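Have a look at this one before I ask anything.
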Amino acid sequence: MLEELKQRVYEANMQLPKHGLVTFTWGNVSEIDRETGYFAIKPSGVDYDKLKPEDMVIMDLDGNKIEGKYNPSSDTATHIELYKAFPNIGGIVHTHSPWATSWAQSGRGIPCYGTTHADYMYGEIPCVRNLTKEEIDEAYEKNTGVLIVDFFKDKDYVAMPAVLCKNHGPFTWGKDGMEAVHNAVVLEEVAKMAARTEMINPKVQEAPQELKDKHYYRKHGANAYYGQNN
Amino acid sequence: MLEELKQRVYEANMQLPKHGLVTFTWGNVSEIDRETGYFAIKPSGVDYDKLKPEDMVIMDLDGNKIEGKYNPSSDTATHIELYKAFPNIGGIVHTHSPWATSWAQSGRGIPCYGTTHADYMYGEIPCVRNLTKEEIDEAYEKNTGVLIVDFFKDKDYVAMPAVLCKNHGPFTWGKDGMEAVHNAVVLEEVAKMAARTEMINPKVQEAPQELKDKHYYRKHGANAYYGQNN
Amino acid sequence: MLEELKQRVYEANMQLPKHGLVTFTWGNVSEIDRETGYFAIKPSGVDYDKLKPEDMVIMDLDGNKIEGKYNPSSDTATHIELYKAFPNIGGIVHTHSPWATSWAQSGRGIPCYGTTHADYMYGEIPCVRNLTKEEIDEAYEKNTGVLIVDFFKDKDYVAMPAVLCKNHGPFTWGKDGMEAVHNAVVLEEVAKMAARTEMINPKVQEAPQELKDKHYYRKHGANAYYGQNN
Amino acid sequence: MLEELKQRVYEANMQLPKHGLVTFTWGNVSEIDRETGYFAIKPSGVDYDKLKPEDMVIMDLDGNKIEGKYNPSSDTATHIELYKAFPNIGGIVHTHSPWATSWAQSGRGIPCYGTTHADYMYGEIPCVRNLTKEEIDEAYEKNTGVLIVDFFKDKDYVAMPAVLCKNHGPFTWGKDGMEAVHNAVVLEEVAKMAARTEMINPKVQEAPQELKDKHYYRKHGANAYYGQNN
């Protein structure tokens, strides 16, 4: 089981450079096996072009290393908080992808300007606040997760599988590592087009609610009819 | 005949990722055989790197599937409206190409700022309005086509083979699938340069009419002299 | 001699897609043999990936085709005017490269903001006016050349091997086809950085004269010391 | 020893085109052997795709050529000043990478808007003033180095391994040539995202001090815990 999980997480990680989402080692993917509660995650600071499936680190949700010769990603504690609070997700991605990170640095959420966004993410992609000095000093990576979880406590994290951390960068999630990567690619594309949309028309308004509904529910839920699974 | 049509439409579809116009499955090309009234179109939600000629779906203009194991593109009903109303076109493309989509999201048509635009498209590339909630609820994809057709009812759809749908993205067309793809590439390039032109000079004016005429008619119509067919 | 010239012009043309300066057939390179007065130029509207050395068209400076099965580039008459008026150049390039074209569309010359520009081009890269309707109707391509030549009549075309044609795009030149291509690449890079420079600091000023002098004369003229030829 | 140094500097130079930091010959890397005081540097104006390890030029800190058939980079005198004044560096890079150069052309330092920046560079990346005409005329390249050294005389050049020279471009450094290249890549990415951050939110503020501290010291110094070396 663990070998298969490592292989899957390795393959999901390798999608990040393929889609142009990472420079050097600035990104990581994890995926959890909900039965055992173990998850596999990229090792910290290891180059993508040297990465091998067996390098993935197996962790449990208490932060214990179960298997692996390397240190896990420095963002591991953030992943743990998300897995604990979001039972319906199976994979998490963090990157410094340039457009999403530029929005995060600007401190703004990404308004929904069109159907590309609405097809995957329902409403504005949120940008959560900075951690305080106390939160940083106490447990930076863990508290990043706590902050995200707190933000989503009265929201639907399945319908909004992405968040921007102010002055830092994005996290995305999904039913497994590959879907989390898929959402990271969507986020970068949506972030790029939203910035250009405002450049072309500084007074632009969000897409109308009925269009957002139509596109989201065309792909999600009981009445979905996009693709082959219906 | 159908095998040949599928092959052609497959090849035209594969030009979209080659020219950087699609992320994941966000695009489709169709081409019609006017004798039979059958057209081939990309299946819905199938990855470009797994696509094969035999996966193309054959449809008729009443929306019946004639051949194919997959569901056709979810935009099929839009294609049908265009084929029915525009007798002189043989191919249609829809993408979410980033610059054209950014203009669509901004709700603005693309002014003609130069000869690259004028060589292919005569005048401002229009951006049609949002559908109303009623139009969306009734038949979203069909009414997208109806709206485009209505917009062009007193205009020359051959001289303007592109349209932006507000908060959504572009459609282009041409005498066959390949020419429709060609126009999609032109549109993206023109959209990119128009945005940058306004960034460099926010007070820029459209190109003079005589220059637009010169370039369009240098390549089109009885007096064309660009290329080898004259 | 002609075979060698065709080969050289073919290779120079193939540098345009390699450097990302052309989409489809939107560009051409020519090179002249000053002894015979013949020049080779890309055929009109032929795809770069099908182009072969023997497809190059040989012309003389009166516009007669000397050799070749294809029509020459539709911009041939512009090239002829430049060769006739600028005796110290041996190659010419025209493209619709996106950043340079965006400046041309905006109707602005490109200010010299730094040493990348100053290393190759002395002062602001000029943007010449639109042709009048009369000039277009009489002889569009020829009069484009006449306009450029007229602009440079009291200027040093060797120290400024580039020009933007308003609402159209750039021409560059050099001692041969390859150097003209080199200058086309420089122009695109300089155009991109100048636009971004103004985006970062809308009140930016041109680089100081002494810096422009230093960099230009470090690479050109009797006291040059950049590279290996000194 | 010298052969190994040449090989290392060759490999570091070849990373520049790989990471998209150079057009033509617009960049150079050097690395010093502190025992002998010799450093290897790219030859001036030689194309990257023709470069070989044996082409690297060996120099001493008095500017004497020790070995090599080519002229060294025209920026050699700048490198010498930095090596003499910064004893804890072993490699230097100069490029005209487009985003960093656009900031240099704009005359602005790059504010720290996020953790990507803070992970590598502590505080605003400075932009040093233009040289005066006298400084240019006396010894342009040497005085570029003198100016940088003077700027850093009361600052920590290890915590800020990058500088922008106004109207020119960036220099970066590191413990060896490869680390200097690494910092050049980081700088370009940070410069790109900072420009886009301001485009998205023109009123953006710098990242909070505690976040900058956290990220810098997570990767540097006695308490670092990023990566595998701890």
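Letters A, B, C and D name the chains as they come in the text, with residue numbers starting at 1 for each one.
Going forward, contacts are C-beta pairs under 8 Å (C-beta built on N, C-alpha and C of every residue); 3 or more make two chains touch, one makes a residue touch a chain.
By chain, with names taken from UniProt: A, B, C, D = L-ribulose-5-phosphate 4-epimerase.
Fair warning: this is a prediction, and the values are worked out from it, not measured in the lab.
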Tell me the angle, as a multiple of 5 degrees, of the rotation that maps subunit C onto subunit D over the C-alpha atoms.
90
Separation of subunit A from subunit D, taking each centre as the mean of its C-alpha atoms, in whole Å
33
Averaging only over C-alpha atoms, locate the centres of subunit B and subunit D and give their separation in whole Å.
46
Touching two or more other chains, which residues of subunit D qualify?
198-199
So what shape is it, when you link every pair of chains that touch: line, ring, star, complete or other?
ring
Chain pairs that touch, as defined at the top of this document:
A-B, A-D, B-C, C-D
Mind listing the subunit B positions that touch subunit A in their complex?
23-24, 26, 43-46, 70-71, 74, 96, 98-99, 101-108, 130-133, 136-137, 140, 167-169, 195, 198-199
In the complex of these two chains, what residues of subunit D are touching subunit A?
113-116, 182, 185-186, 189, 192-194, 196-201, 204, 207-208, 210-211, 214, 218, 225-228, 230
